[in-house]
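Just passing along the structure, written as C-alpha cells.
Each chain carries a letter (A, B, C and D) given by its place in the written order, and its residues are counted from 1.
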Amino acid sequence: MINKELLTIVETIQIAKETIKMRLQGSEKIKHAKPGQFVHIKVGNEGSHMLRRPISIADVNQDQQIVTIIFKVIGSGTDHLSKCHVGDVIDGLIPCGTSYPIEQITMDKALLIGGGIGVPPLYYLAKQIKEQGVEVTSILGFQSSEHVFYQSEFAELGKCHIVTNDGTHGFQGFVTDVIDQLDPTFDYYFSCGPTPMLKAVSSKLQDRNGYISIEQRMGCGIGACYACVVPTNDGSNGFKKICKDGPVFEANEVVL
Amino acid sequence: MTLQINLPGLVLKNPIMPASGCFGFGREYSDVFDLNQLGAIIIKAATKQSRYGNQTPRVAETSSGMLNAIGLQNPGVEAIINQELPFLSDYDVPIIANVAGSSVEEYVEVTKALTRTTTVKAIELNISCPNVKQGGIQFGTDPELAAEVTSKVKAVSHVPVYVKLSPNTSNIVAMAKAVEAAGADGLSMINTLTGMQINLSSRKPILANKTGGLSGPAIKPIAIRMVYEVRQHVSIPIIGMGGIMNAEDVLEFLLAGANAVAIGTANFHNPFVCPEIIQALPGVLEQYGFRSVEDAIGKGHEHGVTNFSRA
Amino acid sequence: MTLQINLPGLVLKNPIMPASGCFGFGREYSDVFDLNQLGAIIIKAATKQSRYGNQTPRVAETSSGMLNAIGLQNPGVEAIINQELPFLSDYDVPIIANVAGSSVEEYVEVTKALTRTTTVKAIELNISCPNVKQGGIQFGTDPELAAEVTSKVKAVSHVPVYVKLSPNTSNIVAMAKAVEAAGADGLSMINTLTGMQINLSSRKPILANKTGGLSGPAIKPIAIRMVYEVRQHVSIPIIGMGGIMNAEDVLEFLLAGANAVAIGTANFHNPFVCPEIIQALPGVLEQYGFRSVEDAIGKGHEHGVTNFSRA
Amino acid sequence: MINKELLTIVETIQIAKETIKMRLQGSEKIKHAKPGQFVHIKVGNEGSHMLRRPISIADVNQDQQIVTIIFKVIGSGTDHLSKCHVGDVIDGLIPCGTSYPIEQITMDKALLIGGGIGVPPLYYLAKQIKEQGVEVTSILGFQSSEHVFYQSEFAELGKCHIVTNDGTHGFQGFVTDVIDQLDPTFDYYFSCGPTPMLKAVSSKLQDRNGYISIEQRMGCGIGACYACVVPTNDGSNGFKKICKDGPVFEANEVVL
C-alpha cells in the first residue's frame, strides 16, 4: 500500500560535494519503509517538474517517524529539492518498490558494494542486517575524495573500504578492483550504483548469491505506465518493472 | 448535483476516466484508491501478440509535460482477457479497451476477441500511437485509412467504437468526419504530439526510441482547439483529453464540447488525481453556474463556426 | 571562442536573433539594450497593404507557453521600408524581413519591394501564420502550394529566401523537401501550433479570434523533433525556434541540426533574454565540449535516420 | 528608458477583500516613475507564468526609493504575488507606459473617477496635483463595503465620495450616478477602471477635458508585440498601443 505523505523537512545538510542529506518527518505509516525501497518525490510544480523523482530510503527512525534520504544534485529536480528549507513540506509516495529480502535469507557475512548515489540505500540495509547479527563489509566507490560520504557511519557497522576513481581517498580505481585485492568472504552480496558498476560487479561475482538495485527513468513509480521495464534473464522474453518488481532484484534475474 | 453522463455503451457515474496507457490495467491504482469512484477506465492498448515495446529510457520530462515512448507494451489480447479483465470485472466501472495494431486485420481480430467478453463496454480504436514503427499513427493521419479501419472494426464489434484521433495532422476535422461517416460511435481526442528531447551531455535523444509522444498541460491548448473545432462539425460524442490536471480543466473541455474526459499524465504527478477531480467537480460546476455535467457540455460555443484546419 | 556563423546572405556574429513578431521592428528593444549585440533581427511580418489585425484580446497565457492572435498587424510594406528600415540600417546587424500574404501575388510583390532595399539581407517567407483567415498557413500545410510560392518568390528576390514552416502538419519532412526542391535557400522552423483557451466565466474563447498560435517552452519538444527530422532529409540550413529560454536550449537546437536560432516568446518574459543568451552561450558550449557554434551543429545525430512523419 | 529592476518587498498587507497593498524598494531609477505608469511584473517562473502582469504605480516614495502597488487577486498570477513575503525579490520592468500629462496642463480643479483596481493609479496622481495646488475631488466606486480601500488616503487630499454597487458603503449605484447627483465642478477629469465604467464616464462627460487609463491583456509591455492595441477615434483606421502610447489617453482619443 503506497501512501501519499506530506513530509516535513526537519534537517537538510550538505554532506559532500553536490550531495545533500535530508531528514523528513511523516505520519506513522512511514515506519514500515524497508531497506531498498524508495520515495517518489514531487518537486516544484507541474509546470517546472511534471514527473516525480525516485530517491532511496537511506535510513528510518521509527520512533520519530523520520526517513533519511541522501541525494546528489544532478539536474533541475534535485537542484530544486536541495534549495528547500527546514519546515518546508514535500509530497512523497512512500514506500515504493521492493526491499532487500533480508527476512527470507540466512547469512553470517554480507558484502555491500555501493557506488555514488547507490550508497544511501545500503546504509539502512547495513544497519538492519547488523542488528540481525550479520557481519558487514562494505566497499564504497566515489568519483573523488570530495564526493565521499558516510564513511564513518558504515565503519561503525563493520569494515568499510573506500575507493575513488582518482585515488584521492582510499583505494584508487573501481569497486571491482577492491574486490580483487581484498577477496572478502561473504554469503550474500548487495550492490547498488550506476549500471556499468552493477554490470561489472555482477559479472565478477556471477556464481555468488547477491542482490542488486537498479535505476531507470520513471513515470508513475507504482507499476502502471511501463516506463521502467527491464528484460528478465530467463530467456522467456519477459520483463520486470523496476518501480514495482524492483528496484531490488536477484543479481542474475534481469539483463543489465 | 448529478455528474452522470450517458454515452453510447456507457453509463458513467461521472465524466472522469483514466486515459489509456496511464493507468495500466487498473490493478496498481487499486492499491491507491477505490476504483469504483471512477466514471470509467480506459485500459492499456491491446495488440494480438504480446509486445515488449521500445527500449528504455521510455520517458522524459518537458516543460509542463512529458514525452513517452512505451511502444504499446502489452501481454497480447488473450492474456489481457484471461489475466486482467477478470480483476476489473469485480468493479462497478465500465471498461473501455484500447485497441492497437499494425494492420487492419490485427485491429479487427483484437476487437473481436475483446468484445467476446462482457467486461468491455466500449472499444477505443487507437489509430494514433506515435511510438511504433508500423501502424498506429499512419492510420491516424490519413482519412481514408482511418475510415477503412473504423468500418471494418465496427462490423465485428459488439460494443460501441470510439476512435482515438491523433493531433499530428493539419486537418483534424477531416479525420473526425471520415471516421464518423465510417460508423464511429464516438471520438476520443487527443493522443500525443510527436516530440523529442536531446541530452546535451550524451548528445543523443534521451528516449531510446528517439521520438516520443508529448502529453500534459503543454498540449492542452491544442487539445481544446481540436475538440472545439471537431464539435462544430460532427455530432457523435467526444471523450476529451490532453493536459487535464484539475476540475477547472475538465470544465474547459466540457465547454469546448467534450462529453466526458480522460486523465493521463496527471496520474503520474499525483496518483490520487482522478478521485480528487471527481470530488472537486460539483463545486467547480456550481461556481461557474452549471447544474450538471450535461448542462456544461458545448457551452463554449456561442459565436458561430470555427475551422482553422486546412487540408 | 567564436560564435560566428555564415548562412546564405547572412554573416552572423552569433546565432541568436529575435523571432518575427516578437520584436516589432527593433525600435522598442533598442531602448532596452544595444541591438548591435544581436546575430540578426527578424522583423515583424510585412503585407502589401497595412493591416489592423485581429480584435483584442490577442494573447493568453498557457502552461509553459502563450497563445497569440495578432493577425499580422503591420503598416504595409511601403511604410515599413520608409519608416522602419532606415532606423534599423543604422545598426550593424543583418535584417531578415518576414513576408506574409493572402495570395502568391502578394508574397511576390512584398518580396520585390523589400529586396529593393539594401537593409534587408534575407527574406523569411511566412507560409505558416495560423491567425489570418486567408493565406498564411494554407500555403504551409500543402507541399505543392508551398513549392509554388517559394519558387515564385525566389524568382524575384535579390536576397536568399528562408521558408518558415508550420508545425500544423502530419509530414514536416515532405514540406521541407518541397520547398528545398523549389529553391529555398534555408528553412525557418517552427511557427506556432494552433490552440485555444476558453474562459470559464465568460464561457468564450479568451482570444477574440478564438484560436491563436501556441509558442514557448511547451512546444520545444515538437520543434526539436521537427528540426531533427528535417535535418536528416534536407541539406539547406535551418533557423531553429520554438520555446528557447536560455543558452542550453540553444545548444539543444544546434545538436538537433539548427544552424542558428530565433527567440520569440522568451522576449516577453525577459526583454534582456537575447543579450543574456549571447553572453552565456560560450560558457555552455565549452561546458559540453564544443569549440564553436559551428562545431555543435547537428551533433545530436549519431544513430541513423529518423522519420516519424506520415503523409 | 525601461529598466528591469529587482524590487524587494518591504511591506505586504491586505487592505480590503482580495486586495493587497505592497511596497517595493528598488534602485534610484524607480524615483522617476510618474502617476499613470505601471510596473510589468514577473510572477512565478516560465512554467507557471510565461507572461508578466501589468500593475499600476499607486505611489512613489522618492527618498526611500519605494513604489507602492495595490492589486486585486483575480487569477493565478495575482494569487502568486499575494503569497510573496517581505524580503522576497521580484523582477519588474519599470516604469512602463505614459503618465497623466499633469505638467502640460493647467487647472484649478480636478475630478478623479476610479473604479475598483482602477483606483490605485489615481492616488499618486491626486498627491502630485494636490502639491501643485489643484483642488481634488474623487469619486471612487467599489463592488461593496468590503472592497473599499484608500478612502481616508483620498479624503486627506480633497473631497472623497465612495459609491458601492450594493450600497453597503457610501452612495449606492455607479460612479456616473454620483456625478449626476453631485454635479461637481472641475477643469479636467481623470478616470481609471473597468472598460464599461470608462465608457459610461467618457460618454457622460464627452464635451469635457479628461484623461482615461485603460487595460488590455499584454505580451511584451513595451510596444513590440502589438498585443494591446486599441483603435483611435479619428476615423484614420489608426491604433495606439496601450502599453507604450498609453495606458493614459485623452478621453476621446481611442475607441473603447
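Rule of thumb we're sticking to: contacts are C-beta pairs under 8 Å (C-beta built on N, C-alpha and C of every residue); 3 or more make two chains touch, one makes a residue touch a chain.
Keep in mind it's a predicted model, so treat the numbers as computed, not measured.
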Partner chains shared by subunit A and subunit C (touch criterion as defined above): B, D
If you average the CA atoms of subunit C and of subunit D, how many Å lie between those two points? 36
Whole-Å distance, C-alpha centre of subunit B to that of subunit D, is 46
Length of the line joining the C-alpha centres of subunit A and subunit D, rounded to whole Å: 56
Quick check: what residues of subunit C touch more than one other chain, meaning two or more? 62-65, 216-217
In subunit A, which residues are in touch with two or more of the other chains? 46-48
Once you've mapped the touching chain pairs, tell me: line, ring, star, complete or other? complete
Spell out the residues on subunit B that touch subunit C in their complex, using ranges where they run on. 62-65, 67, 130, 137-138, 141-142, 166, 168-171, 193-198, 200-201, 203-205, 210-211, 214, 216-222, 224-225, 228, 243, 248, 251-252, 255-256, 288, 299-300, 302-303, 306, 308-311
In the complex, subunit A residues that touch subunit B: 1-2, 4, 42, 46-52, 77, 91, 93, 216-231, 237, 239, 244
The residues of subunit C that touch subunit A in their complex are 63-64
Given the complex with subunit C, which residues does subunit A contribute to the contact? 46-47
Could you please specify the touching residues of subunit B with respect to subunit A in the complex? 21-24, 27-29, 31-32, 44, 50, 52-53, 56-66, 68, 70, 73, 216-217, 245, 265-272
